[in-house]
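Pasting the structures here.
Shared chain: chain A. Partners: chain B in the first complex, chain C in the second.
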Partner chain A sequence: MKTNMNNRLAYGLMSPMLIYLIAIMVLPFGWAVYLSFTNKVVGAPAVFTGLNNYIDLLQDSLFWKTVWNTLLFTAVAVIFKTVFGMVMALVLNENIVFRNVFRVLLFLPWTIPTIVSVFTWQWIYSDVGGVLNFLLLKAHLISEPVGWLATPALAMFSVILVNVWRGIPFMGIAILAGLQTLPKEMYEAAMLDGAGAVKRFIYMTLPSVKEVTVLAAVMTTIWTLNDFEIIWLLTRGGPSNGTQVVSTLSYTIGFLNLSLGKAIAIAVLTMPPLIMLINFVTKRSLSSND
Partner chain B sequence: MEKNAIGKQIVVYATLAVLLVFALFPLYWMFNTSFKSNGEIYNMTPTFWPKDFTAIAYEKLLTEKNFLVNIKNSLVVSLIVAFVSIIVSMLAAYAISKLRFRGRKLISRGILYAYLMPRAVLFIPLYMLVSSIGLNNSIYGLMLIYPTITIPYATWMLISYFKSIPAEIEEAAMIDGCSRARTMLSIIFPLAAPGIAATFIFAFTLCWSEYLYALVVVTKGADKTITLGLSDMIVGDVFAWGPLMGGSIIASIPVIIMYLFTSKYMVSGMTVGGVK
Partner chain C sequence: MMNKWISRSVSAALLAALAAGCSNAANNGIGEAGSASGSGSKPTLTVWMKKQLFEEQNSLITERAKQFGTDNDVNVNIEVIAYEDFYPKWSAAIESNTVPDVSFFGYQEVGQFYGKNVLEDVSDLVAKVESANGDIQPSLKKAVTFQDKQYAVPFWTESQVLYYRKDLLQNAGFTEPPKTWDEFREMAKKLTDPGKGVYGAGIGYGRGNSDAEFLTRGIIWSFGGSVDTQDGTTVIANSPETVAAAKYIRDIFLTDKSTPPSALGWDDSGNNKAYLSGQAAMIFNAGSVLATIKKDNPDLYEKTGIAPFPAGPKGTFIPGISNNLGIFKDAKNKELAKKFIEYMVAADWYKTWIETGAPLTGPIYGKLASEPVWQEEKNKAFAESVKGFYFLGYPGEYNTKAGEVYNLRIVNDTFQKLLLEPNYTPESAVKDLSAKIEEVYNK
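What follows is the complex of A and B.
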């Protein structure tokens, strides 16, 4: 009797959310998956074409190049964000003056709108009056201005740098939260036993923040795999598709070539790895939030 | 031992300095540029502080362009979406955190799924939904779809805030004869007020900073949001860096201020309750 009432009350309270999410998220997504099996273009009715979109994509060398770019972009960016996030957390965990002020300042890149950080970096990279070239020339590290977005390799480096700049604070703050749960006494005991800083880091710090670091890194991976704004606004996927990733290709095919069906097929193809990553996060977070 | 400690201090502060320069230089550069005259901006030798401090970029921004309209649109959309999302999420989060019912695990998992589902996957379905009911090219279209970002996020946040309120408080009230609805409204929600406020602010900033959905849904000038207004300032290969940096400052100020008020809630917010 009591459970029955609880059931009714619970679903009553949740109904606005459930109705909204099903109507606006789940059903349109299902409809879109159906359209990926059609030749749907903007402004015309869809005709069922089976697996054509998928076969087209899998035979398209540009698609595979895009997959490779996405993996490269994500792997490099996540590694750097994790390493520098760890460094940021370790520094902020020390007994430093104005620690809270520094924590807030180091966090700022994550808070400002992505588009703002992209434009700022674009201006820094600029080959006309850009400050990065100016500083590197002054320091004699380069002998002539570099077109940071002009060649595929440099453009890839430049978009990764912006992504890393934005993403370090998230990793840093998450790892810091893990570090702060460690008992200080443990370190003192280890220090008395003569364990050096490197040893303490490898055998004590690292294992105890492993869990939170992995969780934050996987969440970061999900976001980085699907980064659109940084790459679209900086390079539009160019030059010569050198920074074309899955999200920008999907946008280009859907909204510039107007082939919605094919664009959705791209998104659908990215779902299996995405679902694996999301599953990983939900499992870990639910067990700790239950 | 003593020498070691000093050496360690040097390493720590040096690393901190490098991190600070890397994190803050772009922000400083944005600020610096926004107060320069055009001539100074395009000088081949950049100046590290404006020679003559001028607000001309801001003046241009607020008089010549539609920027004020963009700001207003973003404010309206973000406030309404954040407000509605928080109400819907409070009710759902209360049920999930405080009631035992069939399907609870499945639903909390679904919410986390919805939260983590990237926009790059959802933007086409949502665009088609909005255009099929004729709400494309309007901020109403954005109001319809932005809660797909904010509701799962806010619900997930609020579940952990509500869970941190001890069950005994609620039980005591119910023994005293309070109904479920009463305890929810007059005990749980007020106790969780700081968390609710923080979640509202985060929901607001998510909408305020959103670009991809706005890009595909709104193409008409009068309904463009602040992020679209900024990207419209680039015409072809011509970058008006002064107004662009000024606009960037204006777009950043509200989120930075809000963040300063809520920074202590940020940690639990970001890691979806994984750090406990």
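What follows is the complex of A and C.
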């Protein structure tokens, strides 16, 4: 009897959240999946077309190019963010002069609104008065200004650079938090035993912050896979679709061509890897509390 | 009924979520609520207006809308919105059946939404406006006419013209701007001096660049080619004339190297910046550049000459830009909306508004085009260009498929590829271009 009461109370307490989740997540998601099986365009009723959208996409070379670009963009960006984030955390963990000032400065890219940083980078990349071309010209590394956003390879490099610049602080702060928990005595003992800096890093630091680094890297991977603003504002997926990623393709098809069904099909196709990554993060982060 | 409501609500939520997830620059502080006055039982008219370059024009529009509210005892909720934000807003509004009563539309969108059967026939309103204020320029009316009916009321026009640096041309031995595309190429080559960071042709092909979409069509048309149809169904893009135009553009970029190194990554502001910074000696643009330099750089203003588009073997073809006010079929206050549009294009107030934005915003009425402001040396080409406007779909009539070809930036993408890949020939590019356009027309 008491158990039933407790159950009812539990369901009662849970119900607002449950209703919220159904209304905000489950219903729109289910509807979205349904629309991806239709020829829905804005302003016209949806007609069920089965797997047509998915078949069209899988036969479209642009879609596969977009998938490749997304993977390349994500993989390269996450690797560099992790490496530089680690370096940043190690430096900021040392007892250096003006450490707090450096910490604030290095975290700035993460706090600046994307729109501001992207416009700043647009200026940096510009061939008229752009600081990057100016420095390279002064250093005689180039003979004339480079169009950083004008060829597919350079544009991809440029958007990755901006993403890495924005993402390093998150990795840095996450790893730094892990580093702060390591006891100093352990390092002092290792030093007395003759372990050099490299050995201490490989055998003590790295294993100690492995968990937090992996978690932060996976979270960054999820965000990078979904990145839209940096690419849209810098290149709109060009030139020649050289920086077209899944999010920009979906936006273009959904909003400019008004083909909602196909745009959602693209989004749905990106769901499985994202679900796996989210599952990984939640399992890892919640397992210790079970 | 309930199902319909649920599906609409969920669709709107999805669109809103998609828009939020893909939120971009344009959402940051650009969209701005104008006025939402009063309450009570008065009807509320919702108006979506495109944000203008000149703040004074935005203020005039907002004040005029308020005045309409006062005069007609209605609430007017006017939102001044950046162009990039319109598509997500239109999409969400159509799906959730919460469309504004009056909305701005470029003529491409009028065609696109006419094709979706969501726009109100406003032929009666156009006739009323013309009888009260004089004739609307035929080329502008044509752009919003489908099966002899108008689906929007022209509000203002924008003309693309050739901007050239008089001083640089003179130094290079030229006394006049180019009259033909061949002269343009020759001058651009001679004006280019990479050592000084000066390039003759400020033409850009970044993805999404609408200037390039229009300019490329202008060149192709003047060579006798097309990227659409003659009869509305058979694509005639793959022709020797289109190939010749593609070769011409390729030569400017790859053979002569008369364009700045970053030009293939330019968005719509790319050529503006290149001209303002002195990097480009000649560009094609609407009146925004002239208005900016007149205000901020009088020296450059004096050095700037304005001329119509050069001519190709088949003559001069100026791609028209027409901006309009329209009413959705599902608008709640259609009669009030018509009254509002009529109020906004009343010639006495309209003349002040349009001239505030000169030469960027051009008048819809032929009689206003002969006002003194349009006779000024630098403004003349803008007003005169309107008569020679050609629209998407040429040589056929503008149609919804032509609008889709434009919106998908198929021309831009193909030319980007042509200019990026040395082994990609103009013949192959035009063949691919034609195939992609056919896909759209055959859907």
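Assume the second predicted complex is superposed on the first by the 268 of 290 C-alpha atoms of A that agree within 3 Å, B and C clash if a C-alpha of one lies under 4 Å from a C-alpha of the other, contacts with A are read in each partner's own complex, and residues count from 1 in each chain.
Keep in mind that, in the parts below, contacts are C-beta pairs under 8 Å (C-beta built on N, C-alpha and C of every residue); 3 or more make two chains touch, one makes a residue touch a chain.
Computed from a prediction, not measured in an experiment: that's the story for all the values here.
Visitor: Please determine, from the superposition on chain A, whether chain B and chain C clash or fit.
Guide: Because the two structures are overlaid on the shared chain, the partners are seen to clash.
Visitor: Identify the partner contact of A:D127: answer first if only chain B is touched, second if only chain C is, both if each is, neither if none is.
Guide: A:D127 sits against chain C, while chain B stays out of touch.
Visitor: Examine A:G147 and indicate which partner it touches, taking first as chain B and second as chain C; both and neither are also allowed.
Guide: The second partner, chain C, only.
Visitor: Should A:A44 be classified as contacting the first partner (chain B), the second (chain C), both, or neither?
Guide: After superposition on chain A, A:A44 lies in contact with chain C alone.
Visitor: Identify which of chain B and chain C touches the larger number of residues of chain A.
Guide: Larger number of chain A residues touched: B.
Visitor: Thinking of the overlay built on chain A, is A:V83 touched by chain B (first), by chain C (second), by both, or by neither?
Guide: A:V83: touches no partner chain.
Visitor: What is the contact status of A:A32 with respect to chain B (first) and chain C (second): first, second, both, or neither?
Guide: both
Visitor: So in the superposed three-chain picture, is A:I115 touching just chain B, just chain C, both, or none of them (first/second/both/neither)?
Guide: Both partners, chain B and chain C.
Visitor: Go through the superposed model and pick first if A:L256 touches only chain B, second if only chain C, both, or neither.
Guide: second
Visitor: Just to be sure I read the superposition right, which of the two partners does A:N241 touch: chain B = first, chain C = second, or both, or neither?
Guide: The answer is second: A:N241 touches chain C but not chain B.
Visitor: Check whether A:I222 is in contact with chain B, with chain C, with both or with neither, and answer first, second, both or neither.
Guide: Touch partner of A:I222: chain B, not chain C.
Visitor: Flag for me the stretch of chain C that overlaps chain B after superposition; candidates: 20-28, 146-154 or 398-406.
Guide: 20-28
Visitor: In the superposed arrangement, what residues of chain A touch both chain B and chain C?
Guide: 28, 31-32, 35, 113, 115, 119, 126, 128-129, 226, 228-229, 233, 247, 250-251, 254-255, 260, 263-264, 267
Visitor: Taking the complex as given, what residues does chain C use to touch chain A?
Guide: 7, 10-11, 13-15, 17-19, 21-25, 28, 87-88, 90-91, 94-95, 112-113, 116-118, 194, 197, 205-208, 260-265, 267, 273-274, 277, 279, 404, 407-408, 413, 416-417, 420-421
Visitor: In the complex formed with chain B, which residues of chain A make contact?
Guide: Within the complex, chain A touches chain B at residues 3, 6-7, 9-11, 13-14, 16-18, 20-21, 24-25, 28-29, 31-32, 35, 84, 87-88, 91, 94, 96, 102-109, 111-117, 119-124, 126, 128-129, 131, 134, 165, 168-170, 173-174, 176-178, 181, 197, 212, 215-216, 219, 222-223, 225-229, 233, 246-247, 250-251, 254-255, 260, 263-264, 267, 270-271, 274, 278, 281-282, 284-286, 288-289.
Visitor: Would you tell me which residues of chain A are touching chain C in their complex?
Guide: Its residues touching chain C are 27-28, 31-32, 35, 41-44, 113, 115, 118-119, 125-129, 144-152, 155, 226, 228-229, 232-233, 235-241, 247, 250-251, 254-258, 260, 263-264, 267.
Visitor: For the complex, give me every residue of chain B touching chain A.
Guide: Touch residues, chain B against chain A: 8, 12-13, 15-16, 19-20, 22-24, 26-27, 29-30, 33, 41-46, 88-89, 91-92, 94-96, 99-102, 104-105, 107-110, 112-114, 116-126, 128-129, 144-145, 147-148, 151-152, 155, 159-160, 163, 180, 205, 208-209, 211-212, 216, 227, 230-231, 239, 241, 244-245, 248, 251-252, 255-256, 259-260, 263, 266-268, 270-276.
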